[in-house]
Amino acid sequence: MSEPILELRGVCAGYGNIQALREVSLKVLPGEIVTIIGANGAGKSTTLMTICNIVRATAGEVLYQGRPITGLSADRLPAMGLCQVPEGRRIFPRLTVQENLEMGAFLRKDAARKAFDLDKVFNLFPVLKERRKQPGGTLSGGEQQMLAVGRALMTRPRLLLLDEPSLGLAPLIVAQIFSIIRTINQEDDVTVLLVEQNANLALQTASRGYVLETGSVVLEDSSANLLANPDIRKAYLGE
Amino acid sequence: MEYFIQQLINGITLGGVYALVALGYTMVYGIIQLINFAHGEFFAAGGYMGVILISWLAAQGVPPTICLVLSLGLTMGYCALLATAVEQVAYRPLRQSSRLSVLLSALGMSIFLQNGLMLTQGVYDRAYPTEITRGGLHFGMVTFSYMQILIVAVTAILLVGLNALVFRTRIGKAMRATAQDKTMSALVGINSGRIISLTFAVGAGLAAAAGIMVGLYYGSVRYDMGFVPGIKAFAAAVLGGIGNITGAMLGGFIIGMVEIMAAGYISSEYKDVFAFIILIAVLYFMPTGIMGENVDDTRV
Amino acid sequence: MTTLGSRRHWTGFAIGLVWFFFILWPLMGIKPGGLEFIPALLVWARIAAAALFIFVLWLLRQQGALGFLERPAARLGAAVSGAARVVPRTAWIAAVLAASMTLPLFAERYALDVAINVLVYVCLGLGLNVVVGMAGLLDLGYIAFYGVGAYTYALLSVHFGLSFWLCLPLAAGLAAVAGCIIGYPTLRMRGDYLAIVTLGFGEIVRIVLNNWMSLTNGPNGILGIKPPTLPWLQDGLWGVLELRALGGLYYVILGLAAFTVLAVYRLNHSRIGRAFEAVREDETAAQLMGVNTFAIKLLAYAMGAIFGGLAGAFFAARMRFVSPESFTFMESAMVLAMVVLGGMGSIPGVILGALALIALPEVFRGFELYRMLVFGGVMAVMMIINPRGLWPAKRVGQRSEERGHG
């Protein structure tokens, strides 16, 4: 077993007096797609925000490629290959599509490869190329999600944190986005940590999954096992 | 008619000054939603630094043109640094506090700087060496003084430069991205603290340029010169739609023009009142300003 | 409550402070003449040294190095507050009242003068406190109401010879009307826009006072305002005593201040006071609960203006001269500084703030000129170290100003 690319050891975090995460521990190995599933308010998004230190961890440790990154300011992470697509996509609404993508490559100085990556993103999402002069805020939800993923790819991530990529999108577009996630994972060797409410879809995409309940990891298993688990089927797969 | 054209020229000159100051308000408001009360003080600091540098350089025998350009550049640089220092001391520690706290801190800073200037530089007007820019072009009764030409030219250069900075460069895009979504900017690797500092610096640099030109135009500076033009420039920023750079430029010219026309045709005693009335009317009838499609609590 | 906890932030702040004073040096250390280099530099050096001294002191305290001083002080403080709890509050109030009642008997002219000043600012501070502290509306043009009050009495006294006591409610009423006029168009605006618009209104009032020659005599001001009068038994006949002496004036303003304290206290504990608070904490929620937020905000403005107007009328009667000079933005800022320093929404806090900002500078008379400078600095620092003020208002739960704005 190779060294995990990301590891959380007993991470606690909260907002004011509310504790949102209680000793969350998890591991992501290089090349994997791992998913975190759970109900609304279970702490899934907080986990991702704590990894990026947008929410401060009150205890525990976050290791990225074996190096502790707890307390490291969020803006230093993209340069290390850790990038997050946050919940709600958070496109810069008054920057054009192309400018949004360029912001993804903000820290990179390699002009030639930046242009290459831009082409690649445009190939993955042809619709973005059509709309590249348009302000990001005028795109539809699905296009915005594509733009958010494309922007993250522009950082050349080794580990991509994806928060609810299916939120509010039509099933057809969701399928398209998930297929692209798999493509990125297989062809570009990007490790993915995926947070999803659509547990079925997430478990079909990922190889392993963690189940989060009220801020704690209650279950951790391979996707196949989780999909077969009657409790999980009952609680998260709507049976 | 000639009187009107003369007033038009004066209005453009004054409007350019307000536009330069208004940009600082609008940029800072755009990025951290703060009315930077201390911004007028950068304008005054620019005026004083300008008189210090111009007199000193002139005493060293530097030719007038070079002296002007050099003073302008150094003063802008100096005020930019001053603004980053102010930001670091009075605003950065309050990034997580309520808006009221930051606003009061800004107000405190403004009082501090204004009184510091008064104590060290004196209560009275300080004369500017105006002989460098005396004279002008005459067209019949209309005069376009060299000073006015200088102000209009410098303003135009700075406005074009700023537009290029904000809309063309990587740093400008990062500024806009930070203004729109700070968390997301951090997630793509933008150090928002540095970008905010830079925004303060650019705004203060522009205000300083305005300060030095006002000093040259009116022939003197005073420690409290930043206060009233500061409010008027803020009115200009609001008129243009706060957070909107093009709007601030436009607003500046409108306020300048209104003030000059009001002084010329209505009443010169009450000229200051008009800017305030415009401010109140704009906020009441169209709070988003003329260019402001996008006034929203968090994003600009 | 400090807004930043970690040491790293404080080192950043310390470096920033040093850098700030370093960068101020060319501006505040050099005079254009060149020859006057030294005096300007001296002023700058004093400011910088004072700021650094305070910072180092504060840092030492953080490190616990001042423990040998602090521990006895803390013990003393505990003893005092213990005693305060034993003695009922009414006794304290009685003691303060008695002390202030008897002050003219033993205080000299100068001290009385300062005391009158403090009381005027107590009225102003409490009035502004209704607007800023209770209703959460930042008003930067508050001094306009003071001006309205002062000019109301000045004009009525000079032109019609009306008595002070008759003019007092008139001044308050006119100030309240002015408050409504200013409030009506501005109150629909968001917090920080409101601040700048009230500032604009304050300036408009000042400019009008300065330029309406036929009414206000412009910058020359109005002379010959009569002092307050009292009916007085003299030689067996009822006459009129003019309260020219400071002692008499002192009692007048003491009464006004007591009235203000009482009124604000009652207001704070009334239904309307709670409505103010609801508007401050969450306007939308208040509206949904059936509070007419617009009317409540207008009322807050009018209430605040009334106290400003009362103080203004007294000011005119005491100085027997008014001019627009007295109603500048700096005055507004000073009153605001009192409220902020003392603790927004807190009556004892505002009184403490007025004492600190008016009486303290008198103690350090050598530094008179530095007064506004220190105000400004203190205001900025206060927001960082303790945004709730010296004597914070007692509240249950978290207040909106302590929450981040995200």
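Note that the chains are named A, B and C in the order they appear, and that numbering of residues resets to 1 at the start of each chain.
Going forward, a residue touches a chain if its C-beta (ideal position, glycine included) is under 8 Å from a C-beta of that chain, and two chains touch if they have at least 3 such contacts.
Since this is a predicted model, take the numbers as computed values, not measurements.
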Chain whose Cα mean lies nearest the overall Cα mean: B
Most distant chain from chain A by Cα centroid: C
Between the pairs A-B and B-C, the one where more C-beta pairs touch: B-C
Rounded Å distance, chain A centre to chain C centre (Cα mean): 52
Cα-centroid distance, chain A relative to chain B, in whole angstrom: 43
Chain centre separation (chain B, chain C; CA means) in Å: 30
Of all residues in chain C, the ones touching two or more other chains: none
Residue numbers on chain B that touch chain C, as the complex places them: 33-35, 45, 48-49, 51-52, 55-56, 59, 78, 81-82, 85-86, 88-90, 92-94, 96-117, 119-122, 126, 227-228, 231, 234-235, 238, 269-270, 272-273, 276-277, 279-280, 283-284, 287, 297-298
Chain A to chain B touching residues, read off their complex: 52, 54, 73-79, 83-84, 86, 90, 92-95, 99, 102-104, 106-107, 151-152, 155
In the complex, chain C residues that touch chain B: 3-4, 9, 12-13, 16-17, 19-20, 23-24, 26-34, 40, 43-44, 47, 136, 138, 140, 185-186, 188-193, 195-197, 199-201, 203-204, 207-208, 210-211, 329-330, 333, 336-337, 340, 369-370, 372-373, 375-384, 387, 400-406
Chain B residues within the chain A interface of the complex: 170, 173-174, 176-177, 180-181, 183-192, 294, 299
